[in-house]
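Per-chain residue numbering starts at 1, and chain names A, B, C and D are given in the order in which the chains are listed.
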Amino acid sequence: MAGFSLEQRDLDPGYCEISVEGELDLAVAGELDEAIAGVDAGYVGLVVGLAACEFIDSTGIAVILRARRRFVAEGRRLVVCCPADQVERILAVTGLSRDGLVYESLDDALAALRPDADG
Amino acid sequence: MAGFSLEQRDLDPGYCEISVEGELDLAVAGELDEAIAGVDAGYVGLVVGLAACEFIDSTGIAVILRARRRFVAEGRRLVVCCPADQVERILAVTGLSRDGLVYESLDDALAALRPDADG
Amino acid sequence: MEGSDVEIELPARPESVALAREAVSAEADRLGMAPRCLDDLRTVVTEAFTNAVRYAYEEDVEGRVAIAVSAGEDVLCLTIRDFGVGIFPRPERELPSLHMGLPIIGALSEEFHLTSRRGRGTELTVCMPMGEAS
Amino acid sequence: MEGSDVEIELPARPESVALAREAVSAEADRLGMAPRCLDDLRTVVTEAFTNAVRYAYEEDVEGRVAIAVSAGEDVLCLTIRDFGVGIFPRPERELPSLHMGLPIIGALSEEFHLTSRRGRGTELTVCMPMGEAS
């Protein structure tokens, strides 16, 4: 069984990434929720990196969407990057790929977080 | 088949009521949505009166809940009063009766709208 | 839908919901369903039919929804069927959704059976008590 | 659940979800399911099992969830069953919900059958293709 871990690292000043590794489901969705809630308010933009996320379920997606709503309410931004395989497929099936939430590369994700970008 | 109509009237200054008469379902839920959206911003509190509402479905309830979220975002308040029979039952079944949304009388509803009331 | 006492088919439009509700509850009333149970039945028909209207068909397709009622001694079974996409993630259009259609149906019925076939539609059979006792 | 090749029963706990996913996909892999289909199967098991864990039982009850897998030539059917309240309006506890569990299952499967009995539980059977073609 794939394990699960989260890692936070700085990107450009004011921006950071939380990378998800392993399988994100009901058992660990709370960990991601807390990690995002714990991101210092000084960061105005967060990328949730899914390149090493091998599996995501609807609870994991719901946690990310709720966190994004909270970020938006605070005038901050949250996007998702680099989904592959099962993660990419479920985001497509649920219609979320077309939502301005998901970017293919970290560069695209960072560009979308900048104040001059839309949405 | 029961018809459907909406009527708006003033209560105390700054407060008004929209009364729903007849059966509220998918065919007419948009009318209620527009009527609530059309309530002048000068009104800080709105009662949706359901005493003469003979039937409500989950779409009608969803319209009321969304309108309430919008009111709250504007620092205004919205409550529901006086459900009977089928309306009371579906609000109970969905767990919404316990939510600070629904009041048994117009007086209770008005009291809940005042700035010094909770929620 | 064999052995059903009443069968109707209506266009998948918002205005059909009240017609479906009236037709089913008039038949149940005729069969002697208790008033409180009739209220629940009206809610159940409405939620099921509304799902078919809102979600079964693409926006530019005018689909149809079939209803059948069949009554036993203590129980009335209602089948609502569409020929649309099957249960599928659907965007909310103008009107919001409570996301409680099926849960409401489950709470008000003895049991229900839902079959979804991808690209071929959804069929829901709901069994409701005729009287207060059950 | 007659004629099924694999049957397991697990406690209705969040930690069981990964076990259910692994057990079902290992069996499907052994039966020769194509990789892309395996991914969809893993999603479907997870969504169905998660619903049973989140919604079937009251918070102070430790319930169980049964899984059965039965394979035909081109199709694999998976049954997930709980002995809880049946499909019912349930409050969200700590974690939010996407309200897309069943729609995701419908989108990824050929067909599914859901039976809900009030106070007696929910049973979901999902049929998935074994290979890319179907």
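In this section, a residue touches a chain if its C-beta (ideal position, glycine included) is under 8 Å from a C-beta of that chain, and two chains touch if they have at least 3 such contacts.
All values derive from a computational prediction rather than experimental measurement.
Peer 1: Identify the chains in contact with chain A as well as chain D, in label order.
Peer 2: C
Peer 1: Take the average of all CA coordinates in chain A, do the same for chain B, and state the distance between these two points in whole angstrom.
Peer 2: 37
Peer 1: At what distance in angstrom does the C-alpha mean of chain D lie from that of chain B?
Peer 2: Taking the average C-alpha coordinate of chain B and of chain D, the gap between them is 39 Å.
Peer 1: At what distance in angstrom does the C-alpha mean of chain D lie from that of chain C?
Peer 2: The computed centroid separation for chain C versus chain D comes out at 25 Å.
Peer 1: Spell out, as numbers or ranges, the residues of chain D touching 2 or more other chains.
Peer 2: As it turns out, chain D has residues touching two or more other chains at 89, 100, 103-104, 107.
Peer 1: Show the residues in chain B shared as contacts by 2 or more other chains, in ascending order.
Peer 2: Expected reply: 93-94.
Peer 1: Treating touching as the only link between chains, describe the layout with one word: line, ring, star, complete or other.
Peer 2: Looks like something else, not a line, ring, star or complete graph.
Peer 1: Determine which chains touch and list them pairwise.
Peer 2: So the chains that touch one another pair up as A-C, A-D, B-C, B-D, C-D.
Peer 1: For chain D, which residues count as touching chain C in their complex?
Peer 2: Residues 86-90, 99-100, 102-107, 109-118, 120 of chain D touch chain C in their complex.
Peer 1: Which of the residues in chain B come into contact with chain C in the complex?
Peer 2: Chain B residues touching chain C: 1, 23, 25-27, 29-30, 33, 55, 57-59, 61-63, 65-66, 85-86, 89-90, 93-94.
Peer 1: Mind listing the chain D positions that touch chain A in their complex?
Peer 2: 14-15, 17-19, 21-22, 39-40, 42-43, 46-47, 50, 53-54, 94-98, 100-101, 103-104, 107-108
Peer 1: Show me the residue ranges of chain C that touch chain A in the complex, using the header's touch definition.
Peer 2: Touching chain A from chain C are residues 89, 91.
Peer 1: Can you check the complex and tell me which residues of chain B touch chain D?
Peer 2: Touch list, chain B to chain D: 93-95.
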